[in-house]
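One chain, chain A, links the two complexes that follow: it is found with chain B in the first and with chain C in the second.
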Partner chain A sequence: MRRWFRDSAHLIRPALVLMAALVVFLAIRTAIVPKAFGQYGHYRPGALDLVRQHPIAFAGQDACLMCHDDEAKARAAGKHAHVACEACHGPLAQHADDPSAHVPKLPEVANLCRRCHEQDAAKPHNFPQVITAEHSGGAACNDCHKPHNPHL
Partner chain B sequence: MIPGVDGFMYPNEVELQWSVLIVLYPYITGLVAGAFILASLERVFKVEAVRPTYRLALLTALAFLLVAPLPLQLHLGHPERSFEMYLTPHTSSAMAMFGFVYLWYLTVVLLLEIWLEYRAEIVQLAQSTAGPKGWIYRLLTLGSYNISPAARRMDDKVGYAVTVIGIPSAFLLHGYVGFIFGSVKANPWWSTPLMPIVFLFSAMVSGIAAVMVLYVVSMKLRRTPIDMRCLDTIARYLFYTFVIDFTLEMLDLVHRTYESDESFRSLDFMVHTRLWGSQVILQIFLGTLVPLLLLAANQLFRFPEGRRKAMYMTAGALVLVGIFAMRWNVVIGGQLFSKSFLGYTTYKMALGTREGLLPAILLFLLPFAIFLVLVELLPPWQEGKAHEA
Partner chain C sequence: MDISRRDLFQIGGKILVLASVGATLEQITGAAPPGEAYRMADHWWGMLIDIEKCIGCGNCVRACSKENNVPQGYFRTWVERYEIEDEAKPPRVESPNGAIDGFPPSTRTDLKSFFVPKLCNHCADSPCVQVCPVGATFVSPDGVVLVDQTYCLGCRYCVQACPYGCRYLHPETNTVDKCTLCYHRITQGLTTACCENCPTGARQLVDFKNPQDPIHEILRTQMVQVLKPYMATRAKVYYENLDGAVR
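Let's look at the complex of A and B:
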C-alpha cells in the first residue's frame, strides 16, 4: 500500500496545478464580476443607472402637440396620423425644453420621404410606395404633397 | 443595383458577416479532434501499428488546439470581452458552453495526456539539460522525479483513462462546432441535426490525413525511413472514416433532395452556380471522390512502396483541401443566398484587413510554428524503442 502511494504521488501534482488554476480563476471572477450581477437578470444592475444617465434625445410627440396645434391637426386628418413628429424631424428634446434657443432645421425632403416610401419588394405590398425618380420626375415631394397630410 | 448581388437580398444579407476566419475555425478545430482520435486508436483500441505517430498526433492536436480560438478572437471587435464568456456564462449561449468544453479538453485531456506520455523524457531532460531550456523541463516535471517502472505503469493506466475520457471529449469538441451551425434554424443550408455528426466525421478524416502527411513530411526531413506498416494502417483507417463521412454527407444530400422543402430550389441553384467550383469540383470531386478512389485502390491491390506513398500523399493533400472546401461551402455558402430565396450575394475577401486573407494565412501557419517548438521541446520520435513501452 505504501509503495502504491509512493508511485502514484506524482499524479497529485497536475491535480494541484489544475486546482490552483481553478482557484485563481475563481478569485479573478469574484474580483471582476460586479457584486449584484444577476439580481434582475443576466446583466449588471448598475447598467440601468448608466443607461438612465444618457441625456434624453426625444421629447415624445405629446410634447410637440402642446405647442404646435396646426401641424397636429393637419397630421391627425391625414394618413401620417400615426407617424410620430420626430420620425421626420429627428430628436428634438432640446427644442421642446427651450424652443427659442434651439430652433430646429427643417427636414431635407429630397431624402426624407424616400426613406419610407421608396419601392422595395421587402415591404408589405399594401404600404404606399413609389419609385420616386419616376413618380415625381425630379420635383420635390412637397410640391404636391403636404408633409403633415400627404393626401393631395 | 448593388454590385455582386443578383436578384433580391434583404438589406442585412448583402454583406457577409462570417468571413474566411470563421471558415478556418472549424477547420482547425477539426484537425485537433481528428488527430486526437488517431492517437486514441493506438492507446485505447490497441492498433499497435500506428504507434510511431502516437506522439506526433498528440503534439499536432495541441498545436492546433492552441490556435483554434484565435480566428474567433480576430473576428470580434472587442476580443478582450470574450473572456466574460467564462466569467458570466449564459446557459443559452452555445459559444459560452463551448468555452468550457475547450478548456476541459485542453487541460484535463490533452495537456495531461501529453504530460503522462512524456514524463520519463521530461525527467531525464530536466536532469541533463542546462540553461533556460533546463528550467522549462524542471518546471514541466512539476517537481516529481519518480519515473520508476511502477510509477510509469501508473502513468500508463491513468493515461489510458484520460484517453478514454478524451474520446467523447474530442467528439464533443467537434460535434459542438457542427452544432453551432446546425442549430441556426433560420438558415436552411445549416439547420440540420446531421450537421454535428457530419462535422465530426469530416474532422476525423482531416485530422487523420493531417497527421499522415505530417508524419511522412517529417520523416523525409529527418531522412528517416518511413514505417510502411504504420502508413498503411493510417491510410486504412483514413479510408474507413472517409467512407462513413462520405455516406453521411450523401445521406444529407439525398434527404434534402427528397424532402425538397421551400429552400431547395434556391439552394440547388446556388450549388450549380456560385458554389460549383468550391463544392462540386473541389469538395466532392477532387476532395472526396479522387482520394476515396486512391485509398480504395490500396485496399484492393498491392502497389509497390513508392507508388503507395505517392498515392497516400496525394490522397492526404486532396483530403485536406477538400475538407477546407467543405468548411468554406458551409460557412460562406450559408450566407450567399437570401432568406427570401430570391437572390444571391457575393463574398468579397479582403487581403490585408483584420478578417482578410493575410491574417487567415498567418493563422493557419501559426500551428505549424507551434508544432516545431513542441517537437523541439518534446521530441516525438521513438525509432528503435517503439515497442519498449
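Let's look at the complex of A and C:
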C-alpha cells in the first residue's frame, strides 16, 4: 500500500495547477454563458426576441381594408379578389401606420400586369394569360381594365 | 428576544428551503417567453405549396427580399422553372436571379414544365442544427429554424449541411442568414411576406398545432410530398402536385 504513495510529492503541484485551471475555466464559463442558455435547447433564448424585433414591411391586406373601402369593394367584386393589395402596391406598412407622412407611389402598370399575366407554357393552364404585346396593341393595360376589378 | 440554538437552526433551515425553491422557480420561469399573448407551445409552423397554382410571378421572392432586407444576389426563397423533355434525362432547371423579376416567357408547349418555389424546409430534425458547433442555430419551440446572429461564428458548417441549399453567409455581417419563416410576422398574427403576396394562394403558411388549420384535411385527402424525404430531416414544407423529378 505504501508503495503507491511513495514518490507522490511531485504530483501535488501539477494537481494544484490543474485544479486552479479548472476553477478559472468554470468561473469564466459561468461569467460568459448567458443565464438562460439551454432553457429551450442548446441555444440562447434571447435569440428568439432578437429575431422578433425585425421591423415589418408589409402591413397585410387586413390593414388596407380598414381605410380603403372603395378599392376593397371594387376588388372583392372582381377576379383580383384574392390578390393582396401589397402584391401590386409593394410594402406599405409605414403608410398604414401614418398615411399622410408616407403617401405611396402608384404602381407602374407597364411591368405590373405583365409579371403575372404574360403567357408562359409553365403556368397552370387555367390561369388567364395573354401575350401582352399582341393583346394590348401597345396600350397600357389600365386603359381598358381597371386594376382593382379587371373585368371590362 | 431570546433565541435558542434550536430556534436558530429551525429558522435557518426554513430560509434555506425557501431560498432554494425561489431560485429554482426563477430558473424555470427564467427569461420571459417572447410576447405576452403569443405562446410558443401552441404552434408548430410549416408551409404548404401547391405546384398547380404557382404562376412563377416572383412576387414571393420580391416580397421576401423587401421584408427581410435580403442582400442583392442572395435569396431566402426562390422559384425554379422545370422543363422535362425526357423522363430518363435530368430536367432543365432555371431560376434567373432567383426569379426576383419573374421568368422570360417560355413557349415550349411540347414538354412538361412547371414552377417550384423553394425555401427553408424548417426541418424538425435539421442537419444544419446538428452541425453547429456553438449553438447559434436551432429549432425554436414552435418549429422554426433560426440563427442567433450574435452567436454565429460564420464557419459555414450549416451552409454545407443543408440538403436544400437554403443558407448563405451574409456579405456584410459575415454570419449565416436564412429564411426565418417571417418569425417577426407570424408571432404577431400576420402571415409570412411570401404568403401574403402570393396572388394565387400557391403558398400557404400552416400551423400543425391548430386543429382548424386546413392542412390536416389536405394531409388526409390529397397527395402531398416533401423534398428529399430520404434525407429523413422531417421537413415541414409540404408540396402538392409535385413531380418526382424535383430535387
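In this text, the second predicted complex is superposed on the first by the 105 of 152 C-alpha atoms of A that agree within 3 Å, B and C clash if a C-alpha of one lies under 4 Å from a C-alpha of the other, contacts with A are read in each partner's own complex, and residues count from 1 in each chain.
Everything below uses one rule, namely that contacts are C-beta pairs under 8 Å (C-beta built on N, C-alpha and C of every residue); 3 or more make two chains touch, one makes a residue touch a chain.
Since the structure is predicted, the reported quantities are computational estimates derived from the model, not experimental observations.
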Partner chain in contact with A:A57 - chain B first, chain C second, else both or neither: second
Touching partner for A:H151 - first (chain B), second (chain C), both, neither: neither
Partner chain in contact with A:V17 - chain B first, chain C second, else both or neither: first
Which superposed partner A:H42 touches (first chain B, second chain C, both, neither): both
Touched partner set for A:K105, first chain B, second chain C, both or neither: neither
Residues of chain A touched, compared between chain B and chain C (which is higher): C
Touched partner set for A:A122, first chain B, second chain C, both or neither: both
Residues of chain A contacting chain B in one complex and chain C in the other: 37, 42, 121-122
For the chain A and chain C complex, residues of the former touching the latter: 35-37, 39-58, 60-61, 82-84, 86-87, 90-91, 115-116, 118-124, 127
Chain B residues within the chain A interface of the complex: 8, 10-11, 86-88, 90, 107-108, 112, 115, 119, 142-144, 146, 148, 150-151, 153-155, 158, 340, 342
Chain C residues touching chain A - in the complex, by the definition given at the top: 30-31, 33-35, 40, 52-59, 63, 66-68, 81-83, 101-103, 105-109, 113-115, 135-141, 146-151, 180, 183-185, 187-188, 190-191, 193, 196-201
Parts of chain A lying in touch with chain B, wherever the complex brings them together: 3, 6-11, 13-14, 17-18, 21, 25, 28-29, 32-33, 37-38, 42, 121-122
